[in-house]
Amino acid sequence: MILGHGKTPAQVVGIARELARSGQNVLITRLDADKAREVCKELPTLRYLELSRTGTIEQAAIAPLGTGPVALVSAGTGDLPVAEECAETLRMLGVAVERVYDVGVAGIHRLLHKRDVFERASVVIVVAGMEGALPSVVGGIVAGPVIAVPTSVGYGVSFGGLTALAAMLSSCASGVVVCNIDNGFGAGFAAARILRARERY
Amino acid sequence: MILGHGKTPAQVVGIARELARSGQNVLITRLDADKAREVCKELPTLRYLELSRTGTIEQAAIAPLGTGPVALVSAGTGDLPVAEECAETLRMLGVAVERVYDVGVAGIHRLLHKRDVFERASVVIVVAGMEGALPSVVGGIVAGPVIAVPTSVGYGVSFGGLTALAAMLSSCASGVVVCNIDNGFGAGFAAARILRARERY
Amino acid sequence: MILGHGKTPAQVVGIARELARSGQNVLITRLDADKAREVCKELPTLRYLELSRTGTIEQAAIAPLGTGPVALVSAGTGDLPVAEECAETLRMLGVAVERVYDVGVAGIHRLLHKRDVFERASVVIVVAGMEGALPSVVGGIVAGPVIAVPTSVGYGVSFGGLTALAAMLSSCASGVVVCNIDNGFGAGFAAARILRARERY
Amino acid sequence: MILGHGKTPAQVVGIARELARSGQNVLITRLDADKAREVCKELPTLRYLELSRTGTIEQAAIAPLGTGPVALVSAGTGDLPVAEECAETLRMLGVAVERVYDVGVAGIHRLLHKRDVFERASVVIVVAGMEGALPSVVGGIVAGPVIAVPTSVGYGVSFGGLTALAAMLSSCASGVVVCNIDNGFGAGFAAARILRARERY
Amino acid sequence: MILGHGKTPAQVVGIARELARSGQNVLITRLDADKAREVCKELPTLRYLELSRTGTIEQAAIAPLGTGPVALVSAGTGDLPVAEECAETLRMLGVAVERVYDVGVAGIHRLLHKRDVFERASVVIVVAGMEGALPSVVGGIVAGPVIAVPTSVGYGVSFGGLTALAAMLSSCASGVVVCNIDNGFGAGFAAARILRARERY
Amino acid sequence: MILGHGKTPAQVVGIARELARSGQNVLITRLDADKAREVCKELPTLRYLELSRTGTIEQAAIAPLGTGPVALVSAGTGDLPVAEECAETLRMLGVAVERVYDVGVAGIHRLLHKRDVFERASVVIVVAGMEGALPSVVGGIVAGPVIAVPTSVGYGVSFGGLTALAAMLSSCASGVVVCNIDNGFGAGFAAARILRARERY
Amino acid sequence: MILGHGKTPAQVVGIARELARSGQNVLITRLDADKAREVCKELPTLRYLELSRTGTIEQAAIAPLGTGPVALVSAGTGDLPVAEECAETLRMLGVAVERVYDVGVAGIHRLLHKRDVFERASVVIVVAGMEGALPSVVGGIVAGPVIAVPTSVGYGVSFGGLTALAAMLSSCASGVVVCNIDNGFGAGFAAARILRARERY
Amino acid sequence: MILGHGKTPAQVVGIARELARSGQNVLITRLDADKAREVCKELPTLRYLELSRTGTIEQAAIAPLGTGPVALVSAGTGDLPVAEECAETLRMLGVAVERVYDVGVAGIHRLLHKRDVFERASVVIVVAGMEGALPSVVGGIVAGPVIAVPTSVGYGVSFGGLTALAAMLSSCASGVVVCNIDNGFGAGFAAARILRARERY
């Protein structure tokens, strides 16, 4: 797994090649479209998704992980890149995903109509920008693990995601845990940590 | 109206006396219990409320303002001082208040059960600390004016109310307006501005 | 109503089409000129205004809202995009607007000469950047509702509008309420909330 | 469960009585010694622990939750109040705890000698102040879920725990999730969410 | 001149004695009442003023400085300690002071009625907390030097004077210069620097 | 005088024309090279200086202001645009300037060799970025007015000029006054305010 | 070595006893006077210094470290506690100290008169609060290692030492290295690291 | 030595020529590729390295400095530009460098395998972004001087290197000293200061 952000195309290609040579599958995150074009020239087997800004090389079968799916909740259109980065991470780790998109707190009934999805989910990941209120509402109606991912969506005092982050950490719903801003990859990986441990016991 | 915070008891007494002498009613806000004791010695007609930290001298009849009541919504026990400062301000300005307390976003159904109150309210004031999510949910179910008041309740990245403030300003519910942290007085006064204008037209 | 910021042209077009199909009028805010060009190719009925960065599709008659006009006050040339976003929002919501532009606190008499406009206004919206002092002065001479909108105009310790925002929230004029930085849309919508409630009683 | 912080002793007693009357066990967190003394006068069955600043009333048997223990890791003496708040929360939720205290990153070998504890843990909670580096090292040697809790231990640019919080959110170890500063209760509750879901599948 | 803040009474006494021994007049600023009591025991000739928190020892005649007086403007009761620290500094430097107190921007006409004072002033010092708007209005009606002093009066997003400071630095009135928060001494000293240079030419 | 920053070329041209028509001289600040090219097409008499990013139209004689020159001190090459904006402002206001460039605190002797310039100056303006230490040293060796201008020169914790600004406001040299970051125009205007008042007495 | 801050007296006593039992010398830093009294009751051999807030138990001879002394420079009276914490740390580590106190940048000549001390020093430690300019000047006249320690001395935008810290990190003098705010201990320890390495080669 | 950042190509060329004319070697840092191309046209003897963004003119022999090499440690690929800026600085100052790259705290064993390099190093420089934990671990296993350099690598609450910086200043390893964000040059220069002093004694 390679964080594309802050690396040159040549550096991404070099690390991806090294990983691929060892037989592993490769997931590159934060790979913007321009950089992806250059990387794809060198790595023709790379599959690039523009919305999630991810590139993948799948050469080994992905073992399924977990029994119930992970519910992936998000509020607005602007949150989709982060939600999809998370979805792609989960897919590469073998975890099934059930998307619950376009459910914001200002339209609370759309969210409440999805309670059945939350009930069958093993983990709920909530992706939200602006005021970051969604995890508090979800945390109040779900008993299992809730992982919150703030996004940089918003302007003014959204502070590039800091307000959503601080709101999630200050949530009045107990036991909601939080990842860095826009870190869809981290949330997916954290869900896999939970499911992995579950398999052991 | 006197902001007690940052003034000595002698200064509060002096300004209150000057106002009272002109026949006006007096409202002192942010008057902590110790200072209130000293002020009451000099102003025996002052009525002090510890929860709202307000002192009042009523010597003139209060003219009623507005037709429907103002709904005053708050989430936790810690928000009560700010909510009650707002209630006392509204009372001194002649505005009827209907309290909707103890309705947090992590228990969304308690809030939704109060929809009838919101419907008959002329203005809804929402007082909340921590992640400050309540105004977003209320703003989604109310068509009239919604005034949000962040409180300094919380710890860590609640930043003394800044997170709630920023969350309210970043609300995904359109047209929610916001006051300074813990400014229950300001929210009450803003509601009175709205009702006052309404009477004119 | 669609927030254009943070969405791709294709996403804006998709949501606008869905709204238009349901017979509603459409208002797109924060649509910069480059993105607007692409959107207009797909939505030829869209009317784009560069100064306010708004696009509109009017297919239904707009019902007038409110009796007195909303006074829209701003200080400098740099504040015009935000003020005009607000004006366009009010127009789409059926609210009459009376503009009071180019009245800064450093030339206090130009502002004071406009008192008659403030007196006949149902709501006063004040748009200001830099030190954000204008709402305090207006709040002192107006009895009705005052909505303050900080703008990101300024440099250095203007902090992209944070100083104006904090100044407005700290205003010594009681009951001034505040929107997010550059949120002309939100201020217009808040005024409509006030006028809407007023019609009901 | 009651957050003692920001409530008066009378308010804490009132809520605790209401919970106790319904037959539940009661856990009060952030109850400082002075307030505890007053609360204990009214609630003689309350058991108060000064180090963790928690008070508990146990009237119902606590059902065990989870198969493996939760490993509770901390670095310095100053982090103990937060770690013990977490431990007491876990105990009240029926979760077994294995403490790994006094293992800081500046003495990396003491930490590495505890690998066997990490291996048999179902969840690892890492409590650390100052530079907050411990979760990164633990996240690199543990495959299961890692919950990081920053503490306000430190001075100067520790910023009351903000540096540790930001360091944990920026961790180079993938999938580490984070709670609010000093939120030992939240970390314990999050671990219980994970174990609870695990029991269902 | 001695900054009392951050020094022990013994340290203040030691430095004051050394200065006094050399025949100079002594001005101690930021001397709170408790510390002043201890200092006065050792320095019986010290004259302490509680409002301005200053102590002075006058043993040499003070030479008058400047021809016109310095106008000292302030808004609220809470700003008086800073304004009076400035007044006492000017007095010790030989500068005449004309006070213009209790003129806030929310009551703009009280300020405008004082234009004659501003016209005969050699320097105008403006002391204000909260939104710090006063220097912008004053700067617009005065042609001579304007020195702004932000105070820590306010709460919430007043940020202990930072908002007033940033507003003053962002002033739309050209050429307003600014001192540190609550630095009445510095403003007085800066005025003296201006008057001193004036005498030379 | 027109602040070019945040205005379109058309807006700059419009305001400049209006000023020019009234017979005044025109000074446009913060006019970057690209915008200047467009403005010059419409205003062929505009004289543009790239280093200071200023444009001027001189159609009236400039009356000299002040007897001694203003000393304009700066440290590094990166500070020159701000220093020269200040110089051009002073020139347009009729004030003589004596430049003392390339004197940083890390080479203290180069600064000390310029004491004679400081002595004959009526006002000293100090322009500095990075740690902003220069005004403290200058303030210690000059008795007349010292105006400090922080610049955005630096990286990392220079915070775009905030560190220099805060350092200048915290200066241990008494009575140093400060302008906004990069505000060479404001410093020049403030010096003119001082000299203007001086002429009156 | 024990950081007293954030530990109870009992915890300090416990750790100190354990260290003393192993035959080591003990240095306790950040031990305020109240806590020290309680600790001294249990550890009668502890020698407490109020100015430096340090307690020491010397039971083993201290081996001298380094050939030249460390020059310890500070500006104001308020910086002495941090400077003396550093001095006591150096003493316990066997390093000779030469104090250069009361040399601020606003009185540059007092500093320049001490050049001979800087020349014979093996390391120069500079302790300064407020604008933190001293290390830049010292770094310009010294060729050897310069360690800067910001102190929390100051008010307003001194931000409890952050301004001095940021100024020192932004220093225009190359290769000045910096410690945390008020960290006199850390600076002394860093000097010892330098001298220790020197002995090896 | 010239800081390229914030200077025009013409300014860089001018200063470089002046230095070169005096016979010195020249090191230009923060010279991005575009600017370098323009500079190279004028200075054909300049050797430019893209990774470290440095340009050098070597015309005099470089005298070796120090006996043991400086160990240069870094964690991720993104930190290489800063590490290499440091390496090039050390080379130009005559100091031998031993690189220990790609050793992050999440893979602690790779770091521990390099202990022999740390043991023979005269100074250890640690370059790290994100959570900035590496210097704490290194400081715990090295007895000599440790200089930490935070990098701006990371996203979200990495805050452009501030989190790494604050973490390094808050390090639980005693006596680690810190440079500004991305200041590889400063760290190299600081190491040279240490080695230079060492040669004298």
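The first chain written gets the first letter, and so on, giving A, B, C, D, E, F, G and H; residue counts start at 1 in each chain.
The working rule: a contact is a pair of C-beta atoms (placed from the backbone, for glycine too) under 8 Å apart; a residue touches a chain by one contact, two chains touch by 3 or more.
Given the structure is predicted, the values throughout are model-derived calculations rather than measurements.
Comparing the CA-atom centres of all chains against that of chain B, the greatest distance is found for H. Mean C-alpha position of chain C lies 47 Å from that of chain D. In whole angstrom, the spacing between the mean C-alpha positions of chain B and chain E is 35.
Taking each chain's centre as the average of its CA atoms, chain C and chain G sit 55 Å apart. Residues of chain E found to touch two or more other chains are 154, 156-158, 162, 165, 169-170, 174, 180, 183.
Which chains touch which is summed up as A-B, A-C, A-D, A-H, B-C, B-D, B-E, C-E, C-F, D-G, D-H, E-F, E-G, F-G, F-H, G-H.
The part of chain D that touches chain A in the complex is made up of residues 1, 67-68, 122-123, 143-147, 165, 169-170, 174-180, 183, 185-194, 196-198, 200-201.
Residues of chain E that touch chain C in their complex: 75-76, 104-108, 112, 130-133, 136-137, 139-141, 154, 156-159, 162-174.
Against chain E, the residues of chain G that register as touching in their complex are 77-78, 153-158.
Remark: chain H residues 5-7, 11, 15, 30, 152, 161-162, 165, 180-183 touch chain F in the complex.
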